[in-house]
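Each of the two complexes below includes subunit A, the first together with subunit B, the second together with subunit C.
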Partner chain A sequence: MTVHNLYIFDRNGNCLYYNEWNRKKQAGISKEEEYKLMYGMLFSIRSFVSKMSPLDMKDGFLSFHTSKYRLHYYETPSGLKFVMNTDLSVSNARETLQHIYSNLYVEYIVKNPVCVLGQSLDSELFSSRLDAFIRALPYYSPRAA
Partner chain B sequence: MVIYSVYVVNKAGGLIYQYDNYVPRAEAEKTFSYPLDLILKHHDEKVIVSFGQRDGIRVGHAVLSINGVDVMGKSTAEGKDILEYLKDPSNYPVSIRFGRARLSSNEKLMLASMFHSLFAIGSQLSPEVGSSGIEMLETDVFKLHCYQTLTGIKFIVLADPRQSGIDALLRKIYEIYSDFALKNPFYSLEMPIRCELFDQNLKSSLEVAEKAGNFGAGS
Partner chain C sequence: MTDEVLFEFLHMEMVSNVYKEQQSNKMQMDNKDRAACVSVLESMGFRVGQGLIERLTRDSPSFKDELDIMKFICKDFWTKVFRRQIDNLRTNHQGTYVLQDNKFTMLTQLSNGKQYLDHAPKHLAFSCGMVRGALSNLGLDSVVTAEVAVMPSCKFQVVIQKL
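Showing the complex of A and B:
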């Protein structure tokens, strides 16, 4: 039971924040390229889902899983995208992501007069609180190598 | 508990089979008087609602028919441009039917290839070693399940989120594919599947899976 990594993207596709906790395999490309690929994949998945869907959707794309990991997705109405990769035992992390948005992002970034929205989040307080929050999650456990 | 559709994609990413088992038609027909309170725009050879969601007409819905006559793309059946037609007060009151636009074959081909690429990217971006591609994609109204065989063929099923037993169904579809498409001497590999027995057996196994899914999720 573990969280691998977390990305936060803004509405233009810029990666505002990235952190990893238990990542075993790097993507083999530079971090910038990986952010762009991740954002591009999510953008395409959203467009794919809106065309494929047999009925009108309310929340849209929620998550996907492969044989080894699960990707959870949460998008705010302002276009901010929260993406979290966990292992397969975590079935629903939507509330976690909503909590990260409303209790961490809004509190420590939006309400911070020094932080410029749209640029990389470099608030120490935000990073440390987010890290503490993730480590405190019931499904997080630092995996033994 | 429904299974909406089945897609089969070959190893190059091309769609070789597609079957729509259940297509829910959520449509709304209303009579309007001048001026029209919805904002319509051209998108992809269709006229869709861009603003003015109300009464079952959602943003993204396409104009399906005007005064009972089905439209053809951006123009009415007589060939007049729809937006021009609706700007003319003398054509009112007019009855327009809106609904989700049905996917054309070309769009299905493009979507299947798009998923083929997304499947591969899902595997590449994996934080764990040895991950497969996307096996299940979940939204609030449907779940997309994908099974990739060792030969690279992908069987994709779109179903209701509560439907169970889809993994067994995907294996069964693979079995039907190998029995009625691969063993057919007139079928060429990686080409579109046009085998009647494949269609028939696929339909019956979908019915079985829907019924079995009902028992499973009933408790």
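Showing the complex of A and C:
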């Protein structure tokens, strides 16, 4: 049971924050390319989902999974996108991502006079609180499944 | 709850606005510009502090002495404005007081240690002015400065001017 990594994108596609806890395999491309790839995929899949949905769409794209990991997606009304990869035992991380947004991002980034919205998140306070929060999650364990 | 956030955001914007205006005509800010910004913010706080005191003390009896006034600042005034009390008050009994707040509201969202330490003084200027304004309307002329070593704890030094 574990969290692998977390990305935060703004509405323009810039990756504001990335951290990993338990990543066994790297993508083999540079970090910038990886962020662009992730954002491009999210953008495409969201528009695909809204076009092809056979019913009226409520929340849109929420997550996908492979036989090894699940990717969770949460988008705020302000266009901020939170993407978290966990293992398969976590079925719904929406509340976790919502908590990260309202209790960590808003508290330590938006309310920080030095942090400019839209630039990458440098605040150590935010990083340390986020790290502590992830490690305290009931489904996190340092030994990857 | 929302009321507090309003003031926090307004204060953030005020500080950045004052600094942007001062910088608009030059490339780099030198120490003179920085001092000018700090004094603009401080004088804003002065007027706010004066007004606040009129409102906060309208029902209280008059104060016995200087120390009583400082205790009022540390307890009631700090509670009304920053929603907490001063953690430590020290004095040399000769007009100098040091007020220590271990979790100063303006600094808690900045950092938990040394990051952004050089940005800290900007956000203390307004509060220094508020304390000075409060004291002035209570009859005490003073000079208020603040220093930060490790955030979010900070020390305000009040020196009462004897006429």
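In the analysis below, the second predicted complex is superposed on the first by the 143 of 145 C-alpha atoms of A that agree within 3 Å, B and C clash if a C-alpha of one lies under 4 Å from a C-alpha of the other, contacts with A are read in each partner's own complex, and residues count from 1 in each chain.
Note that in this section a contact is a pair of C-beta atoms (placed from the backbone, for glycine too) under 8 Å apart; a residue touches a chain by one contact, two chains touch by 3 or more.
A quick note: this is a predicted structure, and the numbers were derived from the prediction, not measured.
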| item | value |
| --- | --- |
| Superposition on subunit A - do subunit B and subunit C clash or fit | fit |
| Which superposed partner A:K51 touches (first subunit B, second subunit C, both, neither) | first |
| Touched partner set for A:Y108, first subunit B, second subunit C, both or neither | second |
| Partner chain in contact with A:A132 - subunit B first, subunit C second, else both or neither | neither |
| Partner chain(s) touched by A:L117 [first = subunit B, second = subunit C, both, neither] | neither |
| Between subunit B and subunit C, more extensive residue contact with subunit A | B |
| Which of subunit B and subunit C A:N85 touches, first, second, both or neither | first |
| Least Cα gap, in Å, left between subunit B and subunit C after the two complexes are fitted on chain A | 30 |
| Footprint overlap on subunit A, comparing subunit B with subunit C | none |
| Residue ranges of subunit A in contact with subunit B within the complex | 4-5, 20, 22-25, 27-28, 34, 37-38, 41, 44-45, 48-69, 71, 85, 87 |
| Contacting residues of subunit A [partner subunit C, same complex] | 107-108, 111-114, 122-125, 128 |
| Of all residues in subunit C, those that touch subunit A in their complex | 5, 8-9, 12, 15-16, 109-113, 115-116, 119, 122-123 |
| Contact footprint of subunit A on subunit B as seen in their complex | 4-5, 22-24, 26, 58, 60, 100, 103, 107, 111, 114-115, 117-118, 121-142, 144, 158 |
